[in-house]
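One chain, chain A, links the two complexes that follow: it is found with chain B in the first and with chain C in the second.
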Partner chain A sequence: MTAPVLYGLCGAALVGIGLYGLVAGADLLRRILGFNVVGSGVFLYFGSLAARHPTLAVDPVPQAMIITGIVVALAGTALAVAIAIRLHDETATTRPPGNAENRDARDLR
Partner chain B sequence: MTAPLAFDLVLCLLLIGVGLAAVLARDLFAAIVLFIVYGLFVAIGWVRLDAVDVALAEAAIGAGLSGVLLLRAAGLLGQRSEAPAQPPHKRHFGSALPCAAIAAVLALLSLLLPDTIAGLRGPVGENLAATGVGNSVTAVLLDFRGYDTLLETVVLFAALVGVWSLTPDQLWGGRPGLKEHARIDGVLTSFGRLLPPVGLMIGVYLVWIGADAPGGAFQAGTVLASVWMLAIMAGLVDAPPVSRLRLRLAVAVGPLLFLAVASAGLFTGGFLVIPAAQAKTIILAIEAALTLSIAVTLALLVMGRPRRPA
Partner chain C sequence: MPAIFADLVAPAVPWAAISVVLPLAAALIAALLGRHAHRLAIPTALAGLAVAALATTQVARHGVIEIAVGGWKPPLGIALRLDGLGCAFLLVIALVSAGVMLFARAGFGAAPDGSETRRGYVFWPLLFCTIGGLAAIAVSGDLFNLYVGLELLTVTAVALVGLDGKPAALAAAIRYLLFALLGSLLYLLGTAILYLVHGTLDIRLLAGAASTDGATLTAVALMTAGLMAKAALFPLHGWLPPAHASAPAPASALLSALVVKGPFIIMLRLWFEIAPAIATPFVAQGLGALGAAGILIGSLLALRQHRLKLVIAYSTVAQLGYLLLVFPLAGGSGEQQPWTAGAWTGIIFHAMSHALAKSAMFLAAGAMVEAIGDDQIERLDGIGQHLPIATFAFGLAAVSLMGLPPSGGFTGKYLLLSAAFASGQWWWAVVMIGGGLLAAGYLFRPLSHLLAERHQPGDLVVVARSRQTIALGLAALSILLGLLSLGPYQLLQIGRPGAAAEGLS
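Let's turn to the complex of A and B:
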């Protein structure tokens, strides 16, 4: 097994872990964190494909696209965090809407 | 098994372990700190894959700025809520199974793909001389795939507009973040005085060297953004009101210059065509303007919407 294949497998596992955080996270900040883990898993997977050559250096085109992706992921994260904070300002909770515990918390208020 | 491959194997296991711990941690603060550690491990992985430009971006943006963003949000939410402690995840086997299935399919595909992929190394190498820069990643970012970078700066701009538009009416045009109260003789204030000169130098160096070696506008912009945020968090300077004209100009100058150069290309060859003779000068000028805009935009994105009057 070569190093790029290893990092490809690692990226695949991280996508799975991040997806779980994204769908099962108890509050929005955890879901945003999971979204970022999915992102870095996808980037690692993509980047490992760019490194698949026994002699030549890493392909620069996927690298450039990954750098772009990292910045766009941060922009998305910042917007999501701002929306989560606003939701907290309005409802005093950061649990996703529709969550059963969320309705309980609102009743208590 | 050779020693480098053993190192890679340990690193991958650490990545999976820390990533899993960050997603499953009981305490939100612990989860975010684990996520920052995770980002640094990912950056080491990029160095091992020989992608130093990506490693710099991941360490600075993926681990650093995302971590600060999440920590600030957790602090802001924690301060004012008397909500009961976050219970850990309910263990959802129903959602864990599809996630594991997706990971398994991706892993299988990664095993099935050939070990040698030529990719676009050849065409990039042959045309690198025409761009005037020696770093092929910078050449791809600003010349061959310039539209990616142009649209990316627009995405950053749009995200900032989105964040600001969440401001309540009475605070519109105010200063982002809460007033910082750092101890005058505290560690944060000392770092706030000590690090900015060093950070400024590293930032300028990263833009300049980005033409020929790992570095560039995004990495440099992040370093400059963190220097500015450090000075603000240490209470040495105050966050500017978002209605200030100079601030808005700084946010817009990079994308506008890039767009102007791209449109000027319409007269010489086509949209985004940079004339080969002045390519290095033009790319460095765009990089310089982009660095300023990226630094200011990233810092403002992390600081969030206005929370107090100007």
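Let's turn to the complex of A and C:
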């Protein structure tokens, strides 16, 4: 197994883990972190694509895209956290609407 | 033709690029102007209309316009490309955003008593950025550039949803953001896979290379799922009604009319220009079935709402369902008479007229909410006498949404219906007619209250007639789109992908 393949598989695993957190996470902050884990996985996978050919130089295009993607993910995360803080200030909850009541009942005890 | 005008529409002037730069520059200036930002509304609206008109004239005279940004040609550089579809989208963006800007001047400018709110400071930069993101989607010829446009759209649209700062609005905003961020990651993953397989992200270069291998299939599936989440297509529509209903009225108009259409434009480019070969009959019928379910469930939910803005928002879910019918129905030669133009053209007519009608309806609803203080349908009795122009605008927009002639909505549905019968897929026609009847049902209910006599106590706030007229103008444009459909029809044929004529499956 070559290094790029290993990186690619790690990226795929991160996407899976993060996706679970993003979809199934009960806590808003956990979902936002899940989004960041998915993002990291996609970027790692994208980076492994840069080594397209074992003997040629590294392809710079995916690297340029990763940097753009990181900026976008940063902006999205900042906005999400800002809204989550405002929502917490207003309602003292960090749960997304709709599925808040039933899950994680142990927190209420 | 005067020489100056000929120079203006020569391909040398990059109107496609200017259409993106103009709103972004306006956003920067608005952020600097602070409390005076509302003064930018009229100049930006006029300049946006002029640039869209010049770009469209350029495309009409010279065919598809291509700009290599910075002189770097694809595959290394990123091309901007403007075809008939992009032009149609640019024109609708310019018209709707002009209406939204003019309408918002009163609500987000300085109040008559000189007091000011934080809302005015952030609204204008966000609005201009949203328009910039939409324009970027209209002119991008590169999948990654489209991703950046999508993200700009997402971040600013979410902020517009949460602008009121009430808990319900914030909850709707974060729900929208989570859906949209998941969608953008899926899209980005698909983009990465396409780059791995084909070594380019330029749409035209991909069109020659895309085949039916497993990697391309996976990529298109991931990107479609992501775009459906962003476009609120059934079954990923859950975030839309609370988000669009809790945003301020001008923002709702922009969100419902245009922001959900951006991802759909990318879907059209993905399926019809990049990878038409992978759409098997099974896939096309499946996407169509999702659209049909969206039409029926969105309409039924709209029937059950008690708040005016929620009815309009669920109506958007239903109307977006029609968009997915393009996949099973596409086909039909554009070379023949317009009535055999096929579903691809029909769906864009539908999207354009929905954008104009839905923005008119949200602005009219905004005027009604201002008048009575909330948007309970039961409390709307007699508003028709108080706000005759807004009520008329609501009615005209309803005509277009129901698909009654001579509106643009009728032209779009007619093209879709004839494509359904011509290709022997009568079951889609049944769904469309049922959707039209349901639309009549959920729109007549608020209309009957609007036209009833007023028995309820309480004073009504006066809404300036000039602002109601903006809603009427947009509604009239959605009717005019049907009356003058030949011009837009010919525009859409410029750069029309081959798969639009041959059908996907």
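Keep this in mind: the second predicted complex is superposed on the first by the 100 of 109 C-alpha atoms of A that agree within 3 Å, B and C clash if a C-alpha of one lies under 4 Å from a C-alpha of the other, contacts with A are read in each partner's own complex, and residues count from 1 in each chain.
Note that contacts are C-beta pairs under 8 Å (C-beta built on N, C-alpha and C of every residue); 3 or more make two chains touch, one makes a residue touch a chain.
All of these numbers come straight from a predicted model, not from anything done at the bench.
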Touching partner for A:Cys10 - first (chain B), second (chain C), both, neither: first
Partner chain in contact with A:Phe35 - chain B first, chain C second, else both or neither: second
First (chain B), second (chain C), both or neither touched by A:Leu56: first
Partner chain(s) touched by A:Phe46 [first = chain B, second = chain C, both, neither]: second
Which superposed partner A:Thr91 touches (first chain B, second chain C, both, neither): second
Of chain B and chain C, the chain that contacts the larger number of chain A residues: B
Contacts of A:Ala26 with chain B and chain C, given as first, second, both or neither: first
Chain C-contacting residues of chain A that also contact chain B: 15, 19, 23, 45, 49, 52, 61-62, 65, 68, 72, 75-76, 79, 83-84, 86
Of chain C, residues touching chain A in the complex: 144, 147-148, 151, 154-155, 158-159, 162, 165-167, 170-175, 177-178, 181-182, 184-185, 188-189, 191-192, 195-196, 199, 242
Parts of chain B lying in touch with chain A, wherever the complex brings them together: 4-5, 8-9, 12, 15-16, 19-20, 22-24, 28, 31-32, 35, 38-39, 42, 45-46, 48-51, 53-54, 57-58, 61-62, 65-66, 69-70, 73-74, 76-77, 81, 83, 86-90, 92, 95-96, 98-100, 102-104, 106-107, 110-111, 113-121, 124, 136-137, 139-141, 144-145, 148-149, 152, 155-156, 158-159, 162-163, 166, 216, 218, 294, 298, 301-302, 304-305
Complex interface listing, chain A residues touching chain C: 15, 19, 22-23, 28, 31, 35, 38-39, 42, 45-46, 49, 52, 61-62, 65, 68-69, 72, 75-76, 79-80, 83-84, 86-87, 90-91, 96-98
List of chain A residues in touch with chain B within their complex: 1-21, 23-27, 29-30, 32-34, 36-37, 40-41, 43-45, 47-54, 56-68, 70-79, 81-86, 88, 92-94, 105
